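Some structures are shown below for you to check.
Shared between the two complexes below is chain A, which pairs with chain B and chain C, respectively.
Then we have the complex of A and B:
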């Protein structure tokens, strides 16, 4: 049975699902990267994802319009992001704790709405696979990279876009300066509050999309607490990736590949208790954090609220 | 020097901020209920009735408040040390597993030996599960919020694995259903009931420990150092305090109290461990709600007692609200989240007033008469 793991079909299967499973991590973690580069730790990602997942699922179920479903998920995420921005920027609330508050709020509200508006676990027709002409015909590689849904492609496209915005544009420079030295940025006329509002709202929006990518992309169901810690892992991936989009991509891929391997181990009936197999990605995350954190320096103003001396 | 009347009023407002925050959350909850076409007054009446309406209801509230208080005590320690422990869920589970294992293995021990030993086992299990992230934070600079969340996920899988395999009830192991649960504890090991209700000795233990944690934090060197490190690690290092060791201690102690909460749940309420696959299936989310209670009690062990009773009441009341009005108890989870957001957001007014007080009357603030009774003045004393 162990030898089954090394056949080509299984390997292609593992890699293809690994690529797919990275989608929600990428959306959420890239969004979180923007927030943290501007000095804001948003721990409410999980709650934003759950609400986004529910909103997208509900709209898709009732209207069948996937585009509308994604739009509503983005909107819900943006509203949650705006609330988080108000609390952290205007009220200077301690970021780690208010994030936990938003997490509990999203967890409870998505559960409440699920029970009141749906009641039972249903499935929905989610985003179909889109074969990219010619490329998807390449044996092996085609199935792994070029036969995925549009939400998967979008997540991978987001990485270079985020890199470009953060490193090659004025906006990116402003975001980074606000995260490193808000006093200096402020004295040069950069609106610290404005930048942080933008990054936190963007992070919320992308978290909403991350939720949608689960409920109408990967799994096509909605359940209570369906993210089960995924949003927190996305935050950890930002640390792992050294606050850089490409690093985040590496972390997301590593994590999702281990997850895919774990799923296939269960499918193939390899005698490792499933509970232990499910544990592996979390253990790996901790180990990876140990190995990576001391390597790169966090943005200097991370978790510090900014108040102009008057 | 006696604080002026004006200062008393502003202190009173500070103290009442969490109450305002809760009222605001309930108000938002009322709007949500209106959207769900439920009469908020009826729903909240059902909640109140379920939490305080009879002696049985009151006992249930206190039973629910017990783990909240124990977790909250740990949170008081860690948050005062500027260490954010989100790992209460996992620490409860591991503490409970270790205590349950002890109780199921040494069935011939007398009760008066087993119960303290099991509580200690819970304490140790939680300390280990909290100590690991503490160690990783102090020596490898790993963010404790993330590592404690990961430790939660690992603890759940550990529990599922143990309850499905090595620790499964032998009678279940023979059945086809194989319900993932342990055998029941023998009668002699169960925590004594305090009244003809489900209220058990654990509640009393938690209240006594609240006093002990207060003494630990404000009357011992260890507590002083943990708070000093939380206030200003650089100054503490300069003063010769081993900062790393006290970061570990803050998380270790915090985890220990959560682990004790887990042991108390097993020996006082369930008499066995059973899993539905999730953490909240065992903990009832006390690991998270304990944070809410501690914040509500302004990270003060004594104030955490009424805070825990309040949130215990909300949880028990939510169940009767669900029965009476068909409002899912998840509403209370959402409202708890809002309470957290509102409480940390309202801090800004307390800080502003404090700054104004300091600016207007510096000599009153530094007077020794202010004492260590309230958390704010104690902070200033550090």
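Then we have the complex of A and C:
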């Protein structure tokens, strides 16, 4: 039974599942990484995802235009991000609590819109799997890496882009300096408010895309509260990844692979109670987090709002 | 401090807006004869699963009784927080509803506390058999193993790969009963078929349910089933892979008309009718009910757009008859 786990079908299955499951986490957590590196904790990710998921689903259902659906999801996420930026940057609201407010807002509004505009669970034609020529023919690897939907590829391409922007560009330097020492950044002429507006709006936009990746990429349905905690796990993954895109990728993959593994453990009839199996990804994540807690330091100005002394 | 006050205002305002989003439970002063029912549900009334089965049944009862003038229904849905549900149940009871239903086994302990405070109100909850020995509490449950068994018989005669996948929520109650009945039906038809079961540990994680379906398909399954509201994701994956699907709780044909073979549908009105007539004659509780194939509370609804061989259909009908007359017992 245990040995069944090491067959090619199972290993390929686990890896391909893990890659798919990690997709929404990646979009949301990379967006959140930008926000936190500039000193803003956004706990409203889940609400932004739900609204993005609904917007994308609704547009795809009514128009059949997937490009437009993604665009609207991005737009909805951006508007949510802008609102969050206004509340935390201009009004200096406590970030954790206002984030939870935005989460509840997104949860309630997406539910209301679903009730009023759809009324029942429906399916939609989402992004199909795209086989990358030649590469998708490689046995095993092809199915794992090169036969996924376009939104899955996008999530993985985002990681090196985010790394480059954060570490190799002037913009990235500004974001990091605002997150570490906003007073110093301000005295050097960096607009703290401007940078934070940018990162929080970017975070919202990517959360909207994370929602779309569920409703029109991976699942092709919309249901109330369909994210069921994904957004909060994404926030946790930012800490887990040490505020670095590659770390976030590692965390998202670890969590998702273990989740895929536990699905297979049950399917193969390996005698572990299902309650224990579903705990595995969470337990492992906590263990890794405990083991690596002192490795990196959080951005110094994280959750601190900035007011210029005049 | 000022900021904090401001922030609290925002939070309170938001929560007010949100609570306003829920369906309002404003009772209208009613003529004496009108029967008034309030129900609290864990998910949405249109979840194509557990909550919808009760909502649809209430609507059918309403039609039987001649519309909203004679039979008033109010509901609170998505009450996944038990404390909120308890508050709603108490509110409904104090508003003088004739019957207050807590549609979820998680609401039991709340009802046990609330019911004695309202001796003139009738309460019902499920799925369970436990009325706590209280004179104003009814209990109801579904023999979901029976429809599960029939689905299993039909699934076993339609699989060609001899591998069947099951996506379950949490290994308990109604879900476990359905899954165990389904496995028994498959085993009784063809013991060589392998049934892989996957409990994902959640009633709401659509993404994980859909990945569980992918896992079953990779493991060779060509027929799938599952229970609870998160399976909508799994049905989509089955459709993509061309695998067949068997539904339960509500009719799930509309989600994927090309692959849904049959659904076990709960007709709670069988139980509701009986409760209502008991309440009208002055008995407010103390009895537990079961819906099953024999009393018409469970119905196997086939998808008319999906045709299967006549032999398979005959096997399913034989199973239904056998369960009805007691010659087949799905679970020992």
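To be clear about the criterion, the second predicted complex is superposed on the first by the 296 of 310 C-alpha atoms of A that agree within 3 Å, B and C clash if a C-alpha of one lies under 4 Å from a C-alpha of the other, contacts with A are read in each partner's own complex, and residues count from 1 in each chain.
Following the convention adopted for this analysis, a contact is a pair of C-beta atoms (placed from the backbone, for glycine too) under 8 Å apart; a residue touches a chain by one contact, two chains touch by 3 or more.
Not measured: the values here are computed from a predicted model.
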| item | value |
| --- | --- |
| Three-chain arrangement built on chain A, chain B and chain C clash or fit | clash |
| First (chain B), second (chain C), both or neither touched by A:269 | second |
| Contacts of A:92 with chain B and chain C, given as first, second, both or neither | both |
| Touched partner set for A:101, first chain B, second chain C, both or neither | both |
| Touched partner set for A:43, first chain B, second chain C, both or neither | first |
| Touched partner set for A:225, first chain B, second chain C, both or neither | both |
| Which superposed partner A:285 touches (first chain B, second chain C, both, neither) | first |
| Which of chain B and chain C A:145 touches, first, second, both or neither | neither |
| Chain B versus chain C as contact partner of A:111, first or second or both or neither | both |
| Overlapping segment of chain C (options 43-51, 61-69, 79-87 or 205-213) - the one that collides with chain B in the superposed model | 79-87 |
| Common interface residues of chain A - those touching chain B in one complex and chain C in the other | 87, 91-94, 97-98, 100-101, 104-105, 107-109, 111-112, 115, 224-225, 228-229, 273, 275, 278-279 |
| Chain A contact footprint on chain B (complex, rising order) | 32, 36, 84, 86, 136, 140-143, 145-147, 149-154, 157-158, 160-161, 164-165, 278, 288, 291-292, 295, 328, 330-342, 344-345, 347-348, 351 |
| Chain A - residues contacting chain C, complex | 9-10, 12-13, 16-17, 20-21, 24, 87, 91-94, 97-98, 100-101, 104-105, 107-109, 111-112, 115, 119-123, 214, 218-221, 223-226, 228-230, 259-260, 263-264, 266-269, 273-275, 277-279 |
| Of chain C, residues touching chain A in the complex | 3-4, 6-7, 10-11, 14-15, 17-18, 21, 43-44, 46-48, 78, 165, 168, 170-171, 196-202, 204-208, 210-212, 214-216, 218-219, 229-230, 232-233, 235-236, 239, 254-256 |
| Residue ranges of chain A touching chain B (in the complex, touch as defined) | 43, 47, 87, 91-94, 96-98, 100-109, 111-112, 115-116, 224-225, 228-229, 232-233, 235-236, 239, 273, 275-276, 278-279, 282-283, 285-286, 289-290, 293-294 |
